[in-house]
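Have a look at the structure that comes next, please.
We call the chains A, B, C, D, E, F, G, H, I and J, going by the order they appear; numbering starts again at 1 in every chain.
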Amino acid sequence: MEKLMTAKDAVREAIVSAKADKAMSWEEIANHVGCSPVFLTSACLGENSLTDDQASAVTSLLGIDSAHIPALTSCPTKGQRIHELANDPLVYRFQEITAVYGETLKELIHEKAGDGIMSAIDFTMDVEKIEDPKGDRIQVTMNGKFLPYRRW
Amino acid sequence: MEKLMTAKDAVREAIVSAKADKAMSWEEIANHVGCSPVFLTSACLGENSLTDDQASAVTSLLGIDSAHIPALTSCPTKGQRIHELANDPLVYRFQEITAVYGETLKELIHEKAGDGIMSAIDFTMDVEKIEDPKGDRIQVTMNGKFLPYRRW
Amino acid sequence: MEKLMTAKDAVREAIVSAKADKAMSWEEIANHVGCSPVFLTSACLGENSLTDDQASAVTSLLGIDSAHIPALTSCPTKGQRIHELANDPLVYRFQEITAVYGETLKELIHEKAGDGIMSAIDFTMDVEKIEDPKGDRIQVTMNGKFLPYRRW
Amino acid sequence: MEKLMTAKDAVREAIVSAKADKAMSWEEIANHVGCSPVFLTSACLGENSLTDDQASAVTSLLGIDSAHIPALTSCPTKGQRIHELANDPLVYRFQEITAVYGETLKELIHEKAGDGIMSAIDFTMDVEKIEDPKGDRIQVTMNGKFLPYRRW
Amino acid sequence: MEKLMTAKDAVREAIVSAKADKAMSWEEIANHVGCSPVFLTSACLGENSLTDDQASAVTSLLGIDSAHIPALTSCPTKGQRIHELANDPLVYRFQEITAVYGETLKELIHEKAGDGIMSAIDFTMDVEKIEDPKGDRIQVTMNGKFLPYRRW
Amino acid sequence: MEKLMTAKDAVREAIVSAKADKAMSWEEIANHVGCSPVFLTSACLGENSLTDDQASAVTSLLGIDSAHIPALTSCPTKGQRIHELANDPLVYRFQEITAVYGETLKELIHEKAGDGIMSAIDFTMDVEKIEDPKGDRIQVTMNGKFLPYRRW
Amino acid sequence: MEKLMTAKDAVREAIVSAKADKAMSWEEIANHVGCSPVFLTSACLGENSLTDDQASAVTSLLGIDSAHIPALTSCPTKGQRIHELANDPLVYRFQEITAVYGETLKELIHEKAGDGIMSAIDFTMDVEKIEDPKGDRIQVTMNGKFLPYRRW
Amino acid sequence: MEKLMTAKDAVREAIVSAKADKAMSWEEIANHVGCSPVFLTSACLGENSLTDDQASAVTSLLGIDSAHIPALTSCPTKGQRIHELANDPLVYRFQEITAVYGETLKELIHEKAGDGIMSAIDFTMDVEKIEDPKGDRIQVTMNGKFLPYRRW
Amino acid sequence: MEKLMTAKDAVREAIVSAKADKAMSWEEIANHVGCSPVFLTSACLGENSLTDDQASAVTSLLGIDSAHIPALTSCPTKGQRIHELANDPLVYRFQEITAVYGETLKELIHEKAGDGIMSAIDFTMDVEKIEDPKGDRIQVTMNGKFLPYRRW
Amino acid sequence: MEKLMTAKDAVREAIVSAKADKAMSWEEIANHVGCSPVFLTSACLGENSLTDDQASAVTSLLGIDSAHIPALTSCPTKGQRIHELANDPLVYRFQEITAVYGETLKELIHEKAGDGIMSAIDFTMDVEKIEDPKGDRIQVTMNGKFLPYRRW
């Protein structure tokens, strides 16, 4: 694991560095790869795994050594940076939303679909900026499969 | 504070009880009040404050003593149930999403709008069930004002 | 919520008390209800929800007031007793197994099925005693749907 | 200790690296060594100790320096990676199972076998993928000796 | 559970109260019951379970209602008072001993008996005062079965 | 401090390494030095300080540079590895014993000797393996001076 | 235990209440009892035990029911209020002193007396106000027996 | 900061090393510098700042490069080693004293001087060994300005 | 203590309730008493102590039983509600300001005044709303005595 | 991220070092750059981002390599040093102010402006030393936009 982790960290650093040198955005890379910017960014940061084709597209676009491809396609250990990120105001606001609205989400998801949860695995997310004369807005759309609790 | 807190707890309990007796959904109550189900539910659970009109609409619809109205319009102390909710699988998934995608959200919001955050105060949220033959899905849409960090 | 929680606690106490008075086992109750002992026990303790029929079967078998049925069928807030249970040696051993074998489970599940997880929602569990002349053994079988991480 | 710990880390890294280079699975290595894949994987990751014969079989199969054998046969300090793994969704699900079903396990083990625990030391575990047209499943079987609390 | 817990708490309180009224020591009660003072005390405080005979001997000796017997023979949830006890100097010294000598115990038990642990379940403990002109001493003797880690 | 700490770590590593090369046990080293194996091991691991004579005996027996002697005789900062050891099953069992029997120890020590504690400083400990046909046992004997609380 | 704890709490409340009604200071009570104000206060607050004579002196002086005497002479569970006191600025300053000067105390005590500690059991403490034209000062004098680490 | 912190660490290490080489005590260094041993030690360990004259006296006495002087006179970030020191028995005893006597200190300081605190900034401390035939004692004297809470 | 604490809680509740019944603001009460709204509010909520005159002014203005006066003038245990308040977004923002600007405050206070701190005891605070066409602003002014670290 | 973080750390170190070499104050640098000392300091320490012009002004004033400019203008991960700073007395006082006055701030901001918060993003802060014959004072002025909670 340690080894693959290091490999994940190395490719992350190589991508962030090349992306800065080429002044490319995550959105441009995602468009080139043909997938969602959220998914592409999370995989490059080490929180998801790419297919071989996706990984090749990333490394060739950014001019990164193809030896990094296995690190991009291997299964990550997720969530490992959350402790250092938890005090950052942007990230904290999402924790605050769960603190303030978590019980509301629980009530409404149960009301709409019964006893179960929204999957965070069979899950997609989008981030958009919505222009607004009173101040632009950020819209985050989360979409997860409803998983009913099994009775057996 | 303690007193108002108790008042918040009392009206919450009165609402949840009357709602169960009348077999009404949060959505029906929200439609009656004329606001979003997420906002209505969060206010009834004690995480937001209603206007006087909204509070009257809730108490008269559910047949609750109007003496509860000040508790519904007072400013709440928010986020107080998160510790007991944090081990619940439905609520935990939202924490997991922040753990896994928090850095991605940070990257993309900064990429789209510069140095700043998505407000959790000037903020709205929607929860929908999306029918899908492969399994229904839950869609949560968060929409917050982008607040640029001030330089002074 | 508080109210329903209290209702969950009340029915739990009524069941545990009636079960002791009638000297019935969880297994006997489960057989009468027609479901798994693990599922039945977890629902009676407040960690899962029963169908109306299952709840009626429980209350009539144990001679409990049918007014408790809604508490048994409502969606629970799960995992709320883990902090007080975490120092109990029997419960701790399962935490220890995750501490010692968690990375092994990660390696082997990824090896067998790719990037994804074993669901704890679409999930069943069995507990059996296996007689053994060198000392009886406990066998716990967990069975959860493999959920592949979605790429989008 | 520090030294042996480092030795454990070094052999772990050597194994993970050679396994990747030779494209071998944990299951293939375990079959060659003649033991369970769970046990073999846990020992290679540093959570269990091998016999001399098992350790030699591993190093010769993977072409690793036999100087690593003492590290594989020495007594490990277990559970040291759990904090960094605890936010990973796959590992968290096992903690969630303990949170949700821990009291149920306690009830049923006591019901079947009296006052005591399931050993996590005199313990075996199996992981299998079960093909299922509605979605493959993962089955984890834990088997531990029942240890009755001694009265003295 | 809650109910049985309350029952455990109730019998604990009844015993501590009757013991004070009758000015009996734990040692006298244990001698009457015919078991070790450590075991007897731990069971009366709610951390172990007695046999029916032992429980009857306790209740009759102390003149406690025999309705308390099932609470004494039921399986306890153990370790629940450790958080409130952890700052007490007498209890803390035992935690300090583990902090200072834990690695030493690990080294010497492995040296003497191989890879395994000392059981805390198949376990007995004695506490003695040893008179000493330079100041009396307390001797605590712990005796647990060595459990070798299973290889499978 | 940092410097002495490093010195403590360096001598620890030198001892563990030389001990492995010479295939000596802690017991053999202790016998050579003329002190208890528990004390010797704890001092070599960095949790106690040796006298000059004891330190010289250790370094000459193991063929370690005598420049390490001051590190062995200096006052250690104790208990610094407990956080990484706390998840190890062997070490955890001792914490569990305190969790389960801590209040019992408190009751019995007060009963035997009055208001006071067992010292962990004026303290000795022994570890023995006791052969037993039903499975060998580990016996740990702790012996500390009783310190009565001073009233002033 | 619970019962004695309650008794400790009850006598504490009775003393604090009677002390307020009679407008007596801790110092006056201590002078009447013939012991140090620090010791007397700590015992009345439930952190130390009095002798029978001391307890009688307290109850008769304050006009408290003598049934409270056993609660004053029983062995307390100490340190239980520290979590609620830890955010109080006066109490925090003593924690800050340990944080800032803890290593200095370690260095100087070892320098003066060798490897050992200052006992917190065979220990006395005094609190004085020292008048000073530039602002009065508080002087706290701690005096504990030096306990050398035993080598065995 | 980082840089100055490193500078603080470097001068600390240089002082501890030179002090050992020259076999000087903290007391001797303090006498040479003309200040209290507690203050001198705390400043050398990185918890206080020296004046230029004091810093020069330290570096010239110990033969340390005068380039270290700014590190000794810069404002430190205090309390950063407390987490690693907290399990050390000598340091823990001071935390225990706060846990056991914190409320007593609060009562007596308020009784003597009203609503306010003892400053830990306008503060001095002394450590002395007091010879005693029944065992030497350590006396720690803390002296801080009483700061009354301001009403405004 | 417990008793006085209860008294603090009781007067707090009486004040909050009477203030709501009379529809008075904290600012009006403070103006009547002749002190700062921040100080008055904090004292009524239990975090500061009033003089006898101030306490009488509060109770007579609000029509509260004068038996509450001693509770208002007694020394409070401060900071006890912070844990329940810490997840509230308004309160959290002040913690966030410390997290983001704490090191900056340290740098600038040291730069302006040398090694020392801003007192939180000899301290005043003001809260004002500043009307602004682009959105009103809140201004919080903190003013504390600079306390230089004593060298001795 | 890691890479940019390192870049943030590197420029921070370069600035702190050059600032010391040139003996410049934060205030002088801020005056040169034309912004507030608080903002300038926080950006140089890595908690805010500068504009290109501001960053160029900093690097040219201090004679730092202009390759550091992107690190100064990139979006920081904020709040990451708070854990190591939290025990420092100067920083702790600000946490204490929130603990003691947090509820008061909540009451008064709600009283003045309704349900909402003071923004920590659209926020400015000033630090001033105020000369005072009775001891200089530090004044910290925080000014944040009032954000009303949105109802939707």
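Keep this in mind: contacts are C-beta pairs under 8 Å (C-beta built on N, C-alpha and C of every residue); 3 or more make two chains touch, one makes a residue touch a chain.
Listed by chain with UniProt protein names: A, B, C, D, E, F, G, H, I, J = Cyanate hydratase.
Just so you know, these numbers come straight off a predicted model, no measurement behind them.
Of all chains in the assembly, those touching subunit E and also subunit J are G, H.
For chain pairs H-J and C-D, the one joined by more C-beta pairs in contact is C-D. Both copies, subunit F and subunit G, contribute mostly matching positions to the interface they share, with over half of the numbers common to the two. With each centre defined as the average position of its C-alpha atoms, the distance from subunit E to subunit F rounds to 24 Å. Averaged Cα coordinates give subunit C a centre that lies 42 Å from the centre of subunit F. Between the CA-based centres of subunit A and subunit H the separation comes to 48 Å, rounded to the whole angstrom. Counting partners per residue, subunit D has 1, 45, 77-79, 81-82, 85, 87-89, 96, 99-100, 103, 106-107, 110, 116-117, 119-123, 147 as the residues that reach two or more other chains.
Interfaces, counted as pairs of touching chains, are A-B, A-C, A-D, A-I, A-J, B-C, B-D, B-I, B-J, C-D, C-E, C-F, D-E, D-F, E-F, E-G, E-H, F-G, F-H, G-H, G-I, G-J, H-I, H-J, I-J. Put simply, subunit I touches subunit G in their complex at residues 1-4, 70, 77-80, 82, 120-121.
Of all residues in subunit H, those touching subunit F in their complex are 9, 12-13, 16-17, 20, 45, 81, 84-85, 87-89. Contact residues on subunit H toward subunit I in their complex (touch as defined above): 1, 35-36, 39, 48-51, 54, 75, 77, 103, 106-107, 110, 114-117, 119, 121-124, 147-152. Of all residues in subunit C, only 25-27, 37-38, 41-42, 45, 47, 78-79, 81-82, 85, 88-91, 93-113, 116-120, 122-123, 125, 127-130, 132, 135-147 touch subunit D in the complex they form. Against subunit F, in their complex, subunit C makes its touches with residues 87, 89, 92, 96, 99-100.
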